[in-house]
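Listed after this line are the structures, all set down as structure tokens.
Here come two complexes built around chain A, the first alongside chain B, the second alongside chain C.
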Partner chain A sequence: MSVAPAIRLTDVHKRYEKREVLAGISLDVAPGSRLGLIGPAASGKSVILKLIAGLEQADGGTVTVLDHVLTGKREVQLGVVRRRIGMLFQNYALFDFLTVERNVAFPLEQRGGMTAHAIAERVAERLRAVGLFGSEHKLTAELSGGMKKRVGIARATVADAELVIYDEPTAGLDPVTTQKIYDLLAADHVRTKATVIAVSSDVAALAGFVDEIAFLYHGKIIYRGPAATIADAPDPMVRQFVRGELEGPLQDVRPEAP
Partner chain B sequence: MKALRAARDLWIVYVSTIAGVLRRGGARGELVRQLHAIGNKSVLFIVVTLGFIGMVMAYEACSQLSRITGDYSQIGGQFIRLIVSDFGPTLTALMLATRVGAGIAAEIGSMKVTEQIDALRMSGVQPIDYLIVPRFIASVIMTLLLSVIGGLVMFGAGGLTAEHSFGVNPEIFYDFTQVRPRHLILMCIKALAYGAAIPIVAGFCGLRARGSSEGVGWATTAAVIGGSFAVIVLDFIISAAALFVTGGDL
Partner chain C sequence: MIGERWMIALGAGATRISQEVGGILILTAQVLRALVPPRIDRRELVKNLYKMGNRSVPIVALTAFFAGALMVLQAGPFVKKFGATSLAGYGAGYAVLREIGPILIALMFSGRVGANNTAELATMTVTEQLDGLRSLAIDPVAFLVVPRVLAMMVMLVALTALGDLVALGGAAIVARSMLDIDWSTMYFSMADNLRPADFLLGIYKSVAFGAAIAMSSCYFGIAVRGGAVGVGKAVNAAVVAAAVSIMLLDFFMTYLVGG
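Showing the complex of A and B:
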């Protein structure tokens, strides 16, 4: 008997005013697997993540996550599914009115069912894992970009979610910090076996973390294949994008004429 | 079409806020924080602005009377009646629409553009419950309290002006006999309606913020304009309804 995918997108369309961002996306992600999404800027990668998290609604098609159809559901019903999902936002989205400790504890406090002592222990364990033990009482404004990212990761993984979404987990970070972050995400995946979907512009680093990579172009997934061989993908557009070549079939990666 | 959609969204925020209040949504500590932010931090602003307005109004009224009859015996009684039934709550609310409305819209708007609202939703929290409900309850309570304080200050400042500029006897000016229970009821209704409208309009504008700091600026401006407009329109509607109910004998 085949296992139902953790994420299933069927012919999903999404439009913002006149611009069609997603033009019939279909995608399955198996439970426990890790999928990376790549593509040119504004190709709809983050929109897909928001659809999976139930933060946006599709205009057409069906989004099914953890056996729940999200399409057309109300906020309260979506909240039930979201509690099983961890998400790292592109710009951290840390609560600036809370300390590091309270930020990480927030999903557990809202979920309920844990004592304050158990939450404090769990938060301390997560902060140790991301190397921020000792910074519990700092406000997020006092942190560097890399530290904020690590707080975001601690918050996304504190509840041991069944599905974890990473939107640009290493954007703006130096190569050493980038590698540290990916090592951290990989160690976490070994521990939780959660399904992971990640978007990143750093294809080389992403390929070292995920099992498969899907390439998004003009609102469609035009390629999906093993992460390890993405640089040698049979599709010339994927090869051009991954290798960062200006000449090739991709039309919108060339610099604009003056 | 956009206006209709905005009206529908405003209605949804209103209904969701009332539902949140009924199911006791929002964190308890947050309510205390908002009572302090909306109430305590606005007292000085309200006292100073309504005090000055009271002085100007009393001076103008005395000045007009001195040219016509020179009889100041009714001025205090009529002044407090007007303050209780209209100027106290309405001017207080207009001041709160600028100070509190702008603050709420900027706070929620910046949370919206930095994805903090989405982060709340990812934790299974209803943003309206968490952000608007405590501000709504605090605003309703504090608008009523500040209307009473502002009205008293306005009356007191008016009395001092009348005494020092026109020699009006304070015992004649501070005449509360003209105030009837219906005026107090009208003040309470207006203060509660304004107190409810300001955070809902401001919260709605904050939740509609898009983009970056420009979006937050738009939300703040829209909240001040929308909140002030709501206060003026509600004043008209409630006053008209009160006149209708009392048969014009207000």
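Showing the complex of A and C:
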């Protein structure tokens, strides 16, 4: 008997005013696997992540996550699925009215079922893992971009979610920290066996973390293959993108997404 | 051609206002829904009560003092001329309790608290903090908007009651020091003529003004589009909408109770 995918997108369309961002995306992600999404700027990568988290609704097609159809569902119904998802936002989305410690503790506090002591221990462990132990009482406004990103990772992973979504987990970080972060994410994955979907512009680092990579172009997934061999993908557009070559079939640059 | 452009502009303006009024009404319905049964984050509520109420006391007291003082100062020459000093307290109190107090304090509250609230929510919206809450299965309306609406309504009522007291005090001080009307004349002028209904009308108005300020400031905060420019526009729109709402509500509430 085959196992149902943790994420299933079926012919998903998404439009912002006149611009079609997603033009019929179909995608399956098996439970426990790690998929990377790459593509030119404004190709709809973050939109796909928001559809999976139920933060946006598709204009057409079906989005199914952890056995729940999200399409057309109300906020209360979406909450049932969101409690099983951890998400790192591209722009951190940290709560600036809370300290670092309370930002990370927030998902656990809201879910309930844990003592204050257990939450404090779990938060301390996560902050130690991302190298921010000692910064618990700082407000997020006092942190650098890299530190904010690490707080976001700690918050996304603190509840051991079944599905973790990373939108640019290492953007703005130096190469050493980038590697440390991916090592941390990989160690977390070994421990939790969560399904992971990640978007990153740092293709080389992403390829070291995920199992497969999908290439998004003009609102469609035009290639999907093993991460380890992405630089030698049979599709010339993917090769050009991954290698950063100026010459090749990939030439047009689309306007920024809203 | 000019007429056509004028019509297009008028239509666009009417559409925009309809959208905004509709948005505020939908948000109001969401807030009411979140109150049954109450799902209020107590920590957020207490924080907002303190921030919006306590910190507004000095500016409200100052405004109210001079509002009361001005009422007496304006009426001074006439009450002196006609020997009607026994009506000075009544006149000042009547105007302050029913009109000047609630309106001035509400406008001050809108400028200080409402604008700040819009800027805060708008910044949270453009930095995806509201999406961050939703991703954790937390309803941003229940978590952020409801405590703010309650805090603004409660605190505007409290500040109006305090402001009424300070304004009457300001009126008495100016009457004594600048118009030689003694304390007892002012006191009995107020006590004998002012009715509880005069005070209550001002309080009812402050409830309505508080709701208008809260709903417009929260709506424009969470409906913001764009970055820093959008935040600025949202604050502007919220303050204008609140001021217009205050004047409209005041007119209709005064009209309904017969002036």
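By definition in this document, the second predicted complex is superposed on the first by the 252 of 258 C-alpha atoms of A that agree within 3 Å, B and C clash if a C-alpha of one lies under 4 Å from a C-alpha of the other, contacts with A are read in each partner's own complex, and residues count from 1 in each chain.
Note that a residue touches a chain if its C-beta (ideal position, glycine included) is under 8 Å from a C-beta of that chain, and two chains touch if they have at least 3 such contacts.
Please read all numbers here as calculations on a predicted model, not as lab measurements.
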Chain C versus chain B on the shared chain A, clash or fit after superposition: clash
Touching partner for A:Phe209 - first (chain B), second (chain C), both, neither: neither
Touched partner set for A:Ala93, first chain B, second chain C, both or neither: both
Touched partner set for A:Gly79, first chain B, second chain C, both or neither: both
Which of chain B and chain C A:Phe241 touches, first, second, both or neither: neither
First (chain B), second (chain C), both or neither touched by A:Tyr166: neither
First (chain B), second (chain C), both or neither touched by A:Gln110: both
Touching partner for A:Ala53 - first (chain B), second (chain C), both, neither: both
On chain A, positions contacted by chain B and by chain C: 50, 53-55, 75, 78-80, 82-83, 85, 87, 89-91, 93-96, 106-107, 110
Touching residues (chain side chain A, partner chain B) in the complex: 50, 53-55, 75-76, 78-80, 82-83, 85-87, 89-91, 93-96, 106-107, 110-111, 155
Complex interface listing, chain C residues touching chain A: 123-124, 127-129, 131-139
Residue ranges of chain B touching chain A (in the complex, touch as defined): 114-116, 118-126
Chain C contact footprint on chain A (complex, rising order): 50, 53-55, 75, 78-80, 82-83, 85, 87, 89-96, 106-107, 110
